[in-house]
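You will see two complexes here that share chain A, one where it goes with chain B and one where it goes with chain C.
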Partner chain A sequence: MTLRIAGRLWLALVLFFLYAPILAMAAMSFNASPFYQLPFTFSTEWYVKLAGNAEILAASWQSVWIAVVVTVIATVLGTAASLAFFRYKFPGKRLLQALLFPPIAIPWLITGTAMLIFFFAIGIPRGAPAVIVGHVALAVPYVIVVVSARLAGFDPLLEEAARSLGATQWTITRRVTLPFLAPGVIAGGLFAFAVSFDQFVVSYFLAEPGDMTLPVLIYTAIRKGFTPEINAISTIIIVVSMLVMLLAARGFRFGGDR
Partner chain B sequence: MLARADRGRLAGLLAPAYLWLTAAVFLPLSAMLWFAFLTDVPFGGREASLTLDNFARALTNPTYRILLGKSLELGLIVTALCALIGFPCALVLAKAIRGRAREALFLLVILPFWSNSLVRIFSWAIVLRGNGVLDSAVNWISPWPVDVNLMFSQSAIVIGLVHSYLPYMILTCYLALQGIDDALIEAARSLGAGPLRILWRLLIPLAAPGLIAGAVLIFVPVVGSFMEPRILGGRVGTYFGTVIEDQFIAVFNWPLGAALSFCLLAVVLVILAIAAPVLRRAA
Partner chain C sequence: MAEVRVENLTKRYAGAPALDDVTLDFPDGQFFGLLGPSGSGKTTLLRAIAGFVTPDAGRVLMGGQPVEHVPVESRQIGMVFQSYALFPNMTVAENVRFGLDVRRVSGPEAARRVGEVLDLVQLRPYAARKPHELSGGQRQRVAMARAIVTRPRVLLLDEPLSALDKSLRLDMQIELRRIQREVGITTIFVTHDQEEALTLSDRIGILRDGRLIAEGPPRAVYAAPPDAFTARFLGEANVLTGTPEPGGLRLPGGTLIAVPQGTTAVAVRPEHIALSVAEPAAHNRIQARLVGRIFAGAMGTCVLDWHGQQLKVTDRDQDMAHLPDTGPVWLSWADDKTIGLKD
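Let's turn to the complex of A and B:
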């Protein structure tokens, strides 16, 4: 019994450790003092300042539209590849599936610097197109994993039945497979959005200094000496990315038992 | 063997994703290896010739060796702490809590991992610095003034990294522990095994794939980390990763940066190769 209580206490402590700094950061974005001084005086001053900060607004817009483009491309590419893995047996299949692992497992510092070198060498300078190419490559493996997990619960006989009733491959995909897959595809897309929107390392090496994404701008600001404005924008980012993941979790269970 | 029409469809479905991965990941990694053997960047009208100097510098210069050692040590410390903190947490989630509460708590643990890592490191800067949240909290409780300033120390870096990667360990251990049949634990208990014995002889060996998978997934990115040491370590935050960052962002010695990056990649690949059989079983 004491073990049970100790276990729960431990879990509570871990949750405190995970959330306390985030909550402290959020609280400080509503504190009037520009030097993070207590006592706490509630103020929305930093959010008002944020709304007038052209640099941060530009970077936010940059981050959002890049993430949307990345989501669309990565979801289409990843869903197509998952369908191929689901429908066909072919030589080299396991090798191709294993190749999805390096983009996830190799530290982004290595992938990012390698992209910088290669893109520069073939004439893609630092900037939004380079960032998009890089983000899509990082997001595609996640989409394939998530969509494949959903496909695992799909009965191939359904496609077979549609075929025997005379449906073409395209009709089958559009009318039978994709409707079943929709929750998986949406979850995969949300993952792709999160990978791009939260991506710092690869953007840092590929973004143009004058045209930064939000995380790159925050990193630069932190190193120059920051104000609670950075807390405010950081709080918004963390709320957005947690909401995106909560939505994704509805379509894709992280290995939970159901 | 597939029919011809099927082969066409298969290629049509797979080619876009894999061509993209090739152009954006595999070719760049190859190009980086090639670059590491050059004297200078081969564009902008500059002359570049082949050389082994970059690798020689990366491998023999004591500074880089020491920093690589420091990064590996950081990886070990963070991984060990994550295992010590995360395993009991996963155990409680997998075996002591049921139903909707478990689902909600599990999501709560995993959620920060999927939020912005840079912002989470920044939040520790707010907490740890002198006159920061932790300092104020301790001084509010303590009857005499205490100076708490953990910022710009190795402890700050370790705290930030454990915070970043702990959910990974909890996730992999939870999945492994969930696969253990409760009847096994019941059997051990009815045969007179105490909790410690069950932990050592039953739970840890059976959950080993989860522990190892978590350890690899944490160790690898920590060895290559540079943003966390920069923000939380300040002047003491020089590691192998930050040196690579400098070559690309500040010093602009790309060939040396490529050679250093490649050495790091070699370390990572060796670790992944050793762990691959276990990871495959855990997946």
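Let's turn to the complex of A and C:
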């Protein structure tokens, strides 16, 4: 009984520290005072100002298009790699699979520093292409992990059955394997989008100074002096991301079958 | 003419032979049962014919032409798997139409052929269902329909009934045979169930450790198995071992069985042996001790001890009523029921 109460209390604490800061920030984005003063006076002033802030809008656009490009590239590469791991035996396969996990575990600060030094050494200049390459490298392992988890439930006999019926490898992939994998591919894509859209460290190191993504801009803005417009844009980001995740969760159940 | 033929087919996995120099004809339009215990190579043989397994030596011929350079998808085969392997994202009709889609058969022609095979397997009302909404027997029939709609040269069945429960399996055996007769397609059927193979097949082949050890019509192979393994594997058999003599085989106890010289063992089917308390006049007779009787409805089985070896005799239960529960009895059989064994 006491264990039950302690468990509930623990859950409440976790949820509190997870969501209270977010809710506070959302509330402050609707507060008229620029210095977070109470009492709370409702205002949409910061949203209006945000709409006129070319810098934030440019950074938002930069973040979105980079994330979309990264999602497409990482999802295609990651799904293809998962299929290759699933279908074929080749020398070095286990080593390759093992090599996928360290990038998830290595701190992004270190990965970002390493990428900056390496890209400089081989002559890739800072800018959007460098950011995209960096993000893709970070996102692909996530896609492979998620898609491979789905593939583990795939019956390889389905591909054999399709072949016996006269289908070529491409037709089998398109009509049999991918429809089964779709939930995993979509989940992997969402992860890739999140990895890119939320990415601060790698973007900070690899982006051109004048060409910032949103997280980099928010960080710079905080250092210069915080304005509630940041609260406003952050609130928008949170609402949009939550909607995307809720839609995704409705479309399929994570981990479960079908 | 044989639609499918394998010649000297050999395949090794990690040094152990899965197929060892197998040569076999699968006659046109016939139902051929490949039978053997697990690990005998029967599935490897089927997969080599399909093209999923590349043989180390030997070749597969279809319509007289070697097919080693023809990939699976171009071999014009129909295959039914033990787990059916129906596409879960497609309806019954879409599953069946898949092979037509990839052959670019479309429109009314495809619809007509899908309708025809669904009628053949009596599943037209289920055309719009998904596989997970069907029973095991229905899935099995969808798998059949999907495999035959493309009019393949050969139908390959890999233990298609073993996932079904026993009563449904008997129904599906009849159903499978009916469909095969109506379509008239050369069919190769892999099973470890000897009764199933005997019931369904025009011809059977028995594999053991990758080698073909017997082949022919079921009755012929049952009546004259070449060795003790086949005799025991295909039905029940009492294998009697003795000492070869110029006149035949001398059994323990002194009975001389007239068999060709060099035969070291004979087999007698349990249903071919007569039991009596008094010594019979028959030439082939041995004395054993009755140790038990098993009642199984109309038929019964007597268990006997013969020089430490267990023998079985089956007969109608009523015909064995006069026998004592235990004690010495005579076993006898006609000359033409003696099966001489090679090893």
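Simple rule for what comes next: the second predicted complex is superposed on the first by the 242 of 258 C-alpha atoms of A that agree within 3 Å, B and C clash if a C-alpha of one lies under 4 Å from a C-alpha of the other, contacts with A are read in each partner's own complex, and residues count from 1 in each chain.
In the analysis below, a residue touches a chain if its C-beta (ideal position, glycine included) is under 8 Å from a C-beta of that chain, and two chains touch if they have at least 3 such contacts.
Source: prediction; values computed, not measured.
Colleague: So, on chain A, is it clash or fit between chain B and chain C?
Modeller: Aligned through their shared chain, the two binders fit side by side on chain A.
Colleague: Which holds for A:19: it touches chain B only (first), chain C only (second), both, or neither?
Modeller: A:19 sits against chain B, while chain C stays out of touch.
Colleague: Once chain A of both complexes is superposed, is A:186 in touch with chain B (first), chain C (second), both, or neither?
Modeller: It touches nothing on chain B or chain C.
Colleague: Touching A:168, do we find chain B (first), chain C (second), both, or neither?
Modeller: In the superposed model, A:168 contacts chain C only, not chain B.
Colleague: For the three-chain arrangement built by superposition, which of chain B and chain C touches the greater number of chain A residues?
Modeller: After superposing on chain A, more of chain A is contacted by B.
Colleague: Touching A:151 in the superposition: chain B (first), chain C (second), both, neither?
Modeller: neither
Colleague: With both complexes superposed on chain A, which partner does A:133 reach: first (chain B), second (chain C), both or neither?
Modeller: first
Colleague: Using C-alpha centres in the superposed arrangement, which angle lies between chain B and chain C as seen from chain A, in steps of 10 degrees?
Modeller: So the C-alpha centres give an angle of 100 degrees.
Colleague: On the overlay, how many Å separate the closest CA atoms of chain B and chain C?
Modeller: Closest C-alpha pair between chain B and chain C: 9 Å.
Colleague: I'd like to check the shared interface: which positions of chain A are touched by both chain B and chain C across the two complexes?
Modeller: Shared contact residues on chain A (touching chain B in one complex, chain C in the other): none at all.
Colleague: Considering the complex alone, what residue numbers of chain A touch chain B?
Modeller: My answer: residues 3-4, 7-8, 10-11, 14-15, 17-22, 24-25, 28, 35-38, 76-78, 80-81, 83-84, 87-88, 90, 96, 99-100, 102-103, 105-111, 113-121, 133-134, 136-137, 140-141, 144, 169, 194, 197-198, 200-201, 204-205, 215, 218-219, 222-223, 226, 230-231, 234, 237-238, 241-242, 245-246, 248-249, 254-257.
Colleague: Spell out the part of chain B that touches chain A in their complex, as residue ranges.
Modeller: 2, 6, 9-10, 12-14, 16-18, 20-21, 23-29, 31-32, 35, 41-43, 85-86, 88-89, 91-93, 96-97, 103, 105-112, 114-120, 122-127, 131-133, 136, 163, 166-167, 170-171, 174-175, 178, 195, 217, 220-221, 223-227, 230-231, 241, 244-245, 248-249, 254, 257-258, 261, 264-265, 268, 272
Colleague: In the complex, go through chain A and note every residue touching chain C.
Modeller: Counting only chain A, the residues touching chain C are 155, 157-158, 160-168, 171, 175-176, 179-180.
Colleague: Inside the complex, what are the residues of chain C that reach chain A?
Modeller: 50, 52, 72-74, 76-79, 81, 83, 85-89, 98-99, 101-103, 146-147, 150, 156
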